[in-house]
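Structures given as structure tokens follow.
Next come two complexes, and both contain chain A; in the first it sits with chain B, in the second with chain C.
So, the complex of A and B:
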């Protein structure tokens, strides 16, 4: 029943996209389409939530490949991810009702927006490799079209090209993974793959291919290079969907294959996940701290958060393979919780970036500043998002990171030395990334929203519209609730964890006041509500006492600034000066950062210049050689394009000889 | 009734740390002065300073936003809660299960976030430089702190501070890793509290300072609240060290009023020792350059890692 509702609303989203094409001349088409998609996503969201505890449901359609058809399935795992995707869909649609008014060419966005949402839903409902891959490719192509929506800018075009290449590469990897799993019999239905036994090397290669395929879509280092280019290029509500939601589809695909279809895990499967996850977390956050483009910075933070999710998934695999299902359930809960949290706060922050861009036309934080005075409401929700994403209590980001740390602290019980040591190092890397992430967002928020305006547009900024603010406030509320009531969220996630791991975290039933304790209360526990009330109470008490016994008097004056106040906003600390210590400490290891100071000789009237070059090491050391190799091969092959007729005949003859002699040797 | 008593004990803990923290600052200053053969300010000078600041008028920079005015209370509240959740005179207080060591660290992280944001709010270069450096130090201190948490949780089987303290009281083994963890915690504490050699709490020389640069624009009651929060943070790290490494004499909550009073006296004594050692350390070192601090904190991280490795090795033998 719920599956049919979901399929219908997916079809409805496709239909809405088609309607947007047909009715593109209408002036109110944007608001109308976004309203419909918000409603459809909301229905899907409620249905998916109700299906979390339901039994798996199957459906099939005779369409598709003749001897395969199309199979759909809704179980607890897909229901959980459908809920995340459609919650993000609702938020993005509501936000876009207001934000979409900025769009100059809505016909370039609307049809693809709806089709993108529908394709993501279809990936989650697929029950055979055919539907999965078609929907996956559709998801890639629609989002590619959205990245190209503002095609006038050269950087968007190159971003969309890189995205297309990486997406095709990812789909190819997935195709080969499914091909391997289907075996020579060709059982492409997930139910067949699930029951078949796979040789260890097949499972290993399939795992590697899944890391390539799903990892490249999710933004796992070193497959992340396209992400900070492509995500920011799309309109902000689409960026929110791509970063906050589409990466979750990739995580779903990974979980579906590795946890569900591949069979019982071996312990070493977790090692690449842990290493790549930790590398993504640290790399993403380091680039975040030196980036000045608001949306790129958020895209780098997505890489970091995906890294955390993959670390948690790796922990779950490690514990599952060692027969410690309780801890595996804890780590898996942490992964799902973090995926949910990330979809909430990342969407929120991309909406904020969109609101800032809408108000000022700027994405570079160096040219913003003082927005807290011009856009107080946006500044308030943005602060909430910053606290959430920095993993600070009492908001939601903290809870999931806390759960990850708790499962890391249980790793010494694993028998493998390699895992013990790797996980300890991974723990340190996650702590580093958490601290740097908070710092990076202090920098972004401080430079963009605090201080004094650094440019004309920032001075003239105005508050965002009510729809946008409503969507942002709703997400902030969701972040707060997910942070304060972790036990509720965990009990919502539990059925999914149960269905995948076969165990679940201890039910919080016996605990007082909604606290959570992953293993036992004497080991560690956390209570968001008590902590929140405690903090609010102390803050109010302090304010009350200070105002009761202290002086009330306050007046405005010029900033003290050590006695040398300078009214020029350019004397403020800039974003690049803020990140200079980090850059300097990590400069050569990661960034290849180079400072160039051009100091004119005395008497010269030329201005002094400071230039900063930051190179993406991954791009430089992995992708440049590959693309160089491809270019080299294609230029070599290019010669064969314009041969005289004798040349072509010769070519055919040589090929024939080679083939025949090959056959002769073979026999 | 039990509930009211439990809440009262928790409230007492909050009042206790609030009352004690300026004294620790005053004591450290006094000892430092005496070690340098100076007279030094009276022991109660920090209290007088707070009262004086409280009475003064606040001068807000023209550009200051609501965040600038709200931040002191948020910093104060998160620090206060974190300090009140760290066992001082009794373990197993009413709310001790609401937060473990990781939560307490993260609460300090929240305080740091607000402090760093407040430093950037007015839009001066000094505030920014302070925030930037604070963030850099934190990014090294946090992994070191996690390694300490790792060691503690591995030995005590818990990250809950009350449980850790009780385990330490009842256990007879004393792993070598604890020494590493203790030194690492000392390094983290010095960096996080902006003490010599990382930062100098006594100067206002702009280019050497971190904490003072962030609160440069605060005045009057706001400054009083921020300074009190900073004092409490120092007490928190001292309590943390005492609770994890030297919990002898610490009474469980059930032990009754007499035992708790004795435990409180013992605690104050241990805090005095810690204050003395801090002062001794501070007068015998010089402040280091900003870019040497990562090495200093890196040493803490390495010690944590070594301690962890040692623990793994000793456990498996």
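So, the complex of A and C:
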């Protein structure tokens, strides 16, 4: 029943996209389409939540490949991810009712927006490789079209090209993975793959292909290069979907294949996940701390968070393979919890970036500042999002990262020394990334919202519209609830964990209401509400004490100029100043940073210039050689374009002879 | 009777291969066209024999097509083209006849080695036919590679198609419509090539294909 509702609403989203094409001349088409998509996503969200505990439901349609048809399935795992995706869809649609009014060419966004949402839903409901891959590719293509929506800018075009290349590469990897799993008989239905036994090498290769395919879509290092380019190029509500939601679809695909279809895991499967996850977390956060473009910064933060999720998944695999289902359930819960949290606060922060961009036309935080006075409400929700993403209690980011660390702390119980050592190192890397992430967001928030405006547009900024603010406030509320009521969220996640791992986090009796204790109460426990009350209480108390013994009212005076006689806003501490220490430490190891100082000779009137170049080492060391190799090969092959006629004939002739000789020898 | 069926079709298919060898070293265009016409006649005999022993009346249509188009229409028009291009007295340099022959023998050996083990389950008649057909195809291709005159290349192409026809009729169950469409596509290709021959001649004063390459910018 629920499955039918979800399929209908998916079709409805497609139909809405088609309607957006048909009625593109209407002036209110944007608001209309976003309202419809918000309603459809909301229905899907409610349905998915109600299906979390239901039995798996199946449906099939005779369309599709003749001998396969189309199969759909709704189980606890897909229901959980459908809920995440459609919650993000609701938020993005509501936000876009206001934000989309800025759009100059809505016809370039609306149809693809709806189709994108529908395709993501279809991926989650797929129950055979054919539907899965078609929907996956549709998701890639529609999001590609959205990245290309503002095609006038050269950088957007190159970003969309890189995205398209990476997306095709990822789909190719998935195609091969499913081909391997289906085997020579070609059982492409997930039910067939699930029951089949796979040779260890097939499972291993399929795992590697899934890491490539799903990892490239999720933004796992070193497959992340498209992400910081493509996310800023799209309109903000689409960036929020791509970053907060589409990466979750990739995680779903990975879980579906590796945890569900591949069979019992071997312990070494977890190693690549742990290593790549930790590398993503650290790389993402390092780039986050030095990036000045608000949306790029958020995109790097996505890479970091995806790294955390993959580390948690790796832990779950490791513990599951060793027959410790309780701890595996803990790690898996942490992964799902973090996926949910990330979709909430990352969408929120992208909305904030969109609101800031809408108000000032700027994404570079070096040219913002003082927005807290012009956009107080946006500044408030942004502060909430920043606290959540920095994993500070009592918001939701803390809970999930804390759960990840709890399962890391249990790793000494694993028998393999390799895993013990790797997980210890991974824990260190995660701790580093958590700390740097908080620092990076203090920097982003402080430079963009506090201080004095650094540019003309930042001075003239105005508050965002009510729809956008409503969407952001809703997400902030969700973040707060998910942080305050972790036991509630965990009990919602539990059926999914149960269905995948076969165990669930213990909910011991006698615990105080709404607190969680992942291992044992004696070792650690967390109660969000108590902590929240304590924080509020102590903050109020501190404020009271300060006002009681200090002055009675806050006063406004001229900003302190650090002793400089020139009161220009450019004398403020800048984003680059903030990240300078990090940049210095990692200058050569990670960033390949190059400073260029152009100091004119005395008497010369031209200004002195300082330029800083930061390059992505992954791009430089992995992708440049690959693209260079491709260019070299194609240049070599280009010679065949100008063969004489007899050369072509000779080519055909020789190829035929070689193939026939091959057959003759092979026989 | 079985022996006779086998021997006759073997003989006819073998003659096709032999005629392909003859095509390889003909250095006069008129001679080339004549041998091609003979090959077409032998092909139609082979197909006709096939139709007779297999009781497949629709193959007679193929025979008719082969006789009318391949043995009469195409050779006659080719002759007219050659005369109008004024190259009927030319002698084309067929470099290294001995070497070409040796390569040809190698190709026949190759096709036998490839086909015979691959078709163990098929009827012996079809096996031999397909093996010879592949030889004819490869020899036609070899001819196209070694010749420089556009007309000879066309004939190489047509003889290659003869091999395809032999293979097609040897394999049972080939629908008539496919044969007819193949035959017509060959005819269309022939007309197009004929038109182009005159265009090439008009522009370059020769039908030597190496001249085309020079005009295109030469070897790079």
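Going forward, the second predicted complex is superposed on the first by the 641 of 667 C-alpha atoms of A that agree within 3 Å, B and C clash if a C-alpha of one lies under 4 Å from a C-alpha of the other, contacts with A are read in each partner's own complex, and residues count from 1 in each chain.
Heads up, the rule we're going with is that a residue touches a chain if its C-beta (ideal position, glycine included) is under 8 Å from a C-beta of that chain, and two chains touch if they have at least 3 such contacts.
Nothing here was measured: the structure is a model prediction, and the numbers come from that model.
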Which superposed partner A:572 touches (first chain B, second chain C, both, neither): first
Which superposed partner A:661 touches (first chain B, second chain C, both, neither): second
Most chain A residues touched (candidates chain B, chain C): B
Touching partner for A:186 - first (chain B), second (chain C), both, neither: neither
Touched partner set for A:546, first chain B, second chain C, both or neither: first
Which of chain B and chain C A:652 touches, first, second, both or neither: second
Contacts of A:390 with chain B and chain C, given as first, second, both or neither: first
Footprint overlap on chain A, comparing chain B with chain C: none
Chain B-touching residues of chain A, taken from the complex the two chains share: 369-370, 372-373, 376, 379, 383, 386-387, 390-393, 398, 402, 405-406, 408-409, 412, 417, 420-421, 424, 427-432, 434-436, 438-439, 442-443, 445-447, 450-452, 515, 517, 521-527, 530-531, 534-536, 538-539, 542-543, 546, 549-551, 553-562, 565, 569, 571-574, 577-582, 584-585
Residues of chain B defined as touching chain A within the complex: 14, 54-67, 73-74, 76-78, 80-81, 95, 97-100, 102-103, 106-107, 109-110, 112-113, 116-117, 119-129, 131-133, 135-136, 138-143, 145-147, 149-150, 153-154, 157-160, 163, 206, 216-217, 220-221, 224-225, 290-291, 294, 301, 305, 308-309, 312, 315
Residue numbers on chain C that touch chain A, as the complex places them: 107, 110-111, 113-114, 117-118, 138, 141-142, 144-145, 148, 153, 209-210, 212-213, 216-217, 219-220
Chain A - residues contacting chain C, complex: 639, 642-646, 649-650, 652-653, 656-657, 660-661, 663-664, 667
